[in-house]
Every structure is written in structure tokens, then in C-alpha cells.
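Structure first, commentary second.
A, B and C label the chains in the order they appear, each numbered from 1.
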Amino acid sequence: MAAVKKSLVVEALRRSQMTELLAKGKRLDGRGPLDYRPIRIETGVISKASGSARVIIGNTEVIAGVKVETGTPFPDTPDQGLLVVNAEVLPLASPYAEPGPPDEDAIELARVVDRGIRESQMIDVSKLVIKEGEKVYAVFVDVSVLNVDGNLFDTTSYAVVSALLTAKYKRHEIVDGKLKQLEDTEPLPLKTIPTSVTMAKIGDTVVVDPTDEEEAVMDARLTITTDSNGNICAGQKGNAGTFSFEQMQSAADISRMKGEENRKVIREVTGFAN
Amino acid sequence: MTALINEQGLRHDGRRIEDLRPIKIEVGILKNANGSAYIEFGKNKIIAAVYGPKEVHPKHMALPDRAVLRCRYHMSPFSTDTRKNPAPSRREIEISKVVREALEPAIMINDYPRTAIDVFLEVLQSDGGSRCAGINAASVALADAGINMRDLVSACAAGKVGGQVVLDLDDTEDKEGQADVPVAIMPNFDQVTLFQLDGILTQEEFKKAFGFALGGCRKLYQLQKEALMKKYFGHGEPIVEENE
Amino acid sequence: MPDVKRRYVIPGEVVAEGNHRPIANVLRVGEKFYSTRVGMAEVGHEGVRVIPLSGPYIPRVDDLVVGKVVDYSAFAWEVDINSCFFAFLPAQSVFGRDFSPAEDTLTSKFAIGDILAARVIAFDRTRDPLLGIAGPGLGRIPRGETVKITPTKVPRLIGKRGSMIRTIEMATNCRLTIGQNGVVVVNGAPEGVVMSIKAIKLVEEEAHSADLTQKVQTLLMVPAGAQA
């Protein structure tokens, strides 16, 4: 952790302008507190991957690739396939990103996105078994952040979800004790679309989809993920600020409302019906 | 195996829905540390130690206007059923971060410029809810160290087990249950400093679980207070003569 | 002061509400004063304060401190004063105005490990504390034994107008040098030093019990009612 993140220094003028505008319910880029920037989703961008998606929210851009391989199940879940989500902020994504192993921010990002997918039971992992206790499918989702301008959580989450929704993998069989890859492909067994909504508390205002500048000024961050039924399946507060009890309650409502809106965008692009 | 919630509405360990596990907090258990605490929270056994404020190493990490707060949550290799690799896992790195961010709002770090405050949480034996247990211990250890604080931080999880919203999940309930919602608050300011959620909850269940967790935090606050009172005010009425 | 209300508090507890002057270790938010420490809250005419029972030593200008020389450069000694900040004693203040780093060696005055009594000359948020040893009783302490106590309990060890120090010094025939930073040097015959340290530890443990003076007198076998 760098002692001072120079990327997070915001001009004092911008800061006071931002807080003045927020008091009137407006934001620097003209949005209202509960408006997202335009969301652009493109799938099938990497043909060598089982599934892939590029998602752009405002200037934030990430790419997610799914690779379905085979592996050994965990001893305590012999009847379940594996899911691994990993995220990396590439050194080219911002003047301040540095090469090296993922830092705590990238680890948190990957784990919160992973939690949304896993806990919503988006993937029916019980159907990803080749031979119980011996061979299962392992779904690897790797995310590369290409350009940083705030709200990495939602951008990454939508990219992972869209990549999974459009992924196709080759079936395997065990023939004479040997693993054999079949030629036909199949979509992953998916049940729901977990959709995260990230909010930032700036002063006393809560806004969704914060930009880099807003994140630099925010007191605290809150991500809540809902599934297609509007149930809450993951949550994470971040940063050394706080939320009041009332703000927590209304954040749950906001996450359902905005989550449903953004889920529609994902549905349109991927053609997934649930 | 036994049902997570039986016909009488009791949980697998005999607790009712809104019962906490047995909890014991002890303040000032390490000689070397500036502040320390030990907590037993169900089967969790966790030591919290605070070192600081102290000189920052490396020196360039120091901040001119406030202390650097550092936090390490670590599980001993023998703390789990199968041996845990002693190197910090991704889970431990994330928990270290959220614990730090849960404590920081309560610490008046601007009172200690150019210094570091280190908080160490060592999980000697783990059970469900170790991050909340750790936060409770860390917060009294900080008070024990005499670091200026706006408030204590009290933490407790709620969740959903066997179809019902319950308070304070243990290991079994965490693994078999449907949701876990760890929450930490500053009890005198009604502010949430830690919130995580995994599992599935309807909006109504979420509100109920959040309410349960807040109730649990309030109970923890009482236990933290008692532990500090016992260490510092174990004897007699307060008196002080004018001196110097 | 009969009109001063005292009670035990922990961080976050409301000490008082309304119109008061904050003195120490309280945080004002709106109309409320919250304690920031474990300690004893006092609400009186002068204002609101909490006397803390634990915590680090934060230097204040004019404090007498007892420190240990841990390092030196060509221009100054670095002194551990039991705080989160190391203190500096400039060579010029010891050698005088014509101090020359080329000719004077610092170790000819103080060596690493020496114990000093010194006064805090300057300290603020931006720089490390600066020490001076001009004044009676300051400088190297050649003999004695050091004891550390919680810095916040130093006022109790000093006692009302120095009464506690005198009680211990007279009963044990020792001399105490008490730094505000919680470091105490006890000098005297070996038996006396042992008794003094016992008494100091007792003050530390029972700093805020009502009959502290009596307990110390009992320990030191001072006849009851004897005036220090």
C-alpha cells in the first residue's frame, strides 16, 4: 500500500464544485445521484476463450475471459465443479497502476465479484461434474482492467457475468479410465444474473456508479449484488468511512432498482432469458 | 447430522434464533504490546495486539498529518480442521483490509501525525464469525493502548440458516446456511463501519438480518465495556486529588 | 472541589451535554462531549475532561523527561524518551556556541546508553521533540535504577504538590527523578531502592483508588498521620 495515492489527489476546486453540486442533487458530469454512465457490453471478443466480454462504463473499461478446464474437486465438495475468479489492474490501465502481484484492492475486487457469482448460485456447479470425487470442470474467469475511471466493481462484475452467460465449453467423458474431450460444445448451466450496484457516500449524499474523481473524494463505498428475483446475494462496504443505518436500508432498495435496470442491459446483449 | 433448526425452533447447538454463542473478553493480556485483548467467541480464540503509535518503518511511509493504520488478520496453521498454510491467503488479505476500514473511522488518527499504529489479529482457533470477533477484540485493545478514539467498534454477524434469519452463525451454520452478514458499528454514533454479505436474502430477510446484527453489536458493546471496566476499574470509587 | 462530578468512562461514552469548555480527551459533536479514552470523566466549573488511565507519552513543551541516548550524529544526540517520537539534543546546546563538529566529539559528553534528565524545549505536529539540559538537576544521571510507569499516572506518583514523592523519598532515603514520560530514576542505598520501586509499582497499580496514600504509607511502614 502506497502511503499516499497520488492518483487520488483531486483539485480543491473540483472537490468544492462537486460537493456544491451534490447538495443540489447534481454531479460534475451532469448525472443525477442515481444515474449510471452509459454501459456498453460486447461479448465474444476473444475467440480463444470459452466466453468473453468487454464492458465499458463511462471511461472504465475491463475485459473478462472464461476458460473452462478440467480439474480435481475439493475434498469437501466432491460433487461440485470449480469456480475461480481473478482480477488484475494492468499497468497500462492508469498512470498510477504498477506491475506486480495483485494488491489488496485487486484481491478485494476479485473476491467481491466472485462472491456475487458464487452466492447467487448463478452457475449450477453440481452439473459441472465429470466423475464425482475425481474429475470436474473448473471455470476460470480472469479479468483485466484496461482503463480506470471509477466503479471497477460493477464494470468487472458485469464483464464476468456477461462472459459466463455467453460461454460455451467442450464436454469431457471418461473412457476406459482416461479423460476424453468431446467435440460438441455446450453453454454453462446458469440459473440467474447476479447484478452488482456500487454506491459511494460523498458528504451526506449517496450516488451510484462513482467516477475515479468521486471515489477519490468519497467517504465510503458500498456494493450490493442482487439476483434476477431481486434477492440480495452479496455485499461489501469499503473505505474508512461509515454509513448510517438509514443509508444502509435505502441502499438495499437502490441496489434492487438499479440492479434490475442494468440486468436488462445484460439480458439484451447476451440473450439470456432468466 | 442434526437439523440446523429443529421443530422446537432450536439451532444445532441448542441456541435460539437470536442467541449469541458464549463470549468472553479479557483486556491487557500481552506484556509487550501497548494494548491487547483476548476474545473467545464460540470456538473462536483470538488475540488482538496493538503496537503504537510508533515510528514508521520504512520512514517514507509516514504521513505528515496522521498516523498510518496497519492491520494484519492471520490464522495460525493449527487454527483450522486441516492445517492452514501459514502464508497469508487472499481471504486473509481481504479481511485485513475490511477490518482496518472498520476500525479506522473510530480512531482519531489525526492526533498522531508521522506515526504508525499496528493492529495484529491472530486467530488461534477459528469458528464462524472470526472477523467480527477479531474486530471486537481489536477495538478494546486500541482503547487499552490509550489511543484516542471516537467510539468503540462493536461487531456481530447475522445470517440465514435452515430458512430462518438468525443471529451469530457458527462454523457449521456458516457452511451449511444460506447467508452470512457481518456488520460492525460505532454504537454511540449509529454508524456502520463494516458490512459484508454473502448468500441469498430477500429484501425483507435482509432488513431483518441487518436488524438482528445491530442488536448483536449492541450486546457485544456491553461485553466490551464490562471487559474494559473490569481491567481498569476493578476496585473502588473514582477519586483523584489535584496534583502536580 | 465538591461540585466536580467524576465517573468512569470508556471511549465513545457521553461525558456531558450542553454548554461546557472541553479541556482534555473529549470530543465535541454538536451538543455532546464524548470521551476519547478509558479514564475518569470530570465535569466541573472549568469544563469537561477525561483523565486517561492508559496511553502513550505525547511530549509537551517544558516537560521534564528522562531519556536514554540511543544514537548520535555529528550535530546531535538521539534520545529515546518513551514516546512515539525520538527526541534530539543538539550538540551546540551542550558544548556551547563555539561547538565545532570538526573538533568536538559528542561521545566526550554523552555516550550511547547514558540516561539523561532533560526538558522539552520545542515540539509540534511537524517535528520531533527538541531537548535541552540547561537548568538544575538536568543532564546525565550517573547512578540509580530506572523504572517505567504508565505516563498518564505520573501526576499520582508526584502527588499533591509533590507529597507522594516526599513520602517515598523520606521513608526510603532515596532520591527520585520522575520524568513526565513515565521513566523514573531511583537513587539510594540498595534496600531503599527496592522499597521505592515497590511503592512506585503500587502507585501505578492503584493509581485511582481512594486510599492510595494510606496504602503507600502502610507499605513503607510510615506511622499513620505522619506528614510528608
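Going forward, a contact is a pair of C-beta atoms (placed from the backbone, for glycine too) under 8 Å apart; a residue touches a chain by one contact, two chains touch by 3 or more.
The shown structure was predicted, so the numbers you read here are calculated from the model rather than taken from an experiment.
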Chain whose Cα centroid lies at the greatest distance from that of chain B: C
By mean Cα position, the chain sitting nearest the middle: B
Inter-centroid spacing, chain C versus chain B (mean Cα positions, whole Å): 33
Centre-to-centre distance between chain C and chain A (centres being mean Cα positions), rounded to whole Å: 54
Gap in Å, rounded to a whole number, between the CA centres of chain B and chain A: 27
Where chain B touches two or more other chains at once, by residue number: 186, 189
Footprint of chain B on chain A - complex, ascending: 3-4, 104, 107-108, 110-111, 115, 118-121, 222, 224, 227, 230-245, 247-249, 252-253, 256
Residues on chain B engaged by chain C in the complex (per definition of touch): 34-35, 52-55, 64-65, 106, 108, 112-115, 143-152, 186-189, 224-225, 228-229, 232-233, 235-244
Of chain C, residues touching chain B in the complex: 1, 6-8, 10-14, 25, 27, 29, 34, 36-40, 42, 51-56, 84-86, 125-126, 152, 155-156, 158-161, 206, 208-210
Touch list for chain B against partner chain A, complex: 60-63, 68-69, 90-91, 93-94, 96-98, 100-101, 104-105, 179, 181, 186, 189-203, 206-207, 210, 214
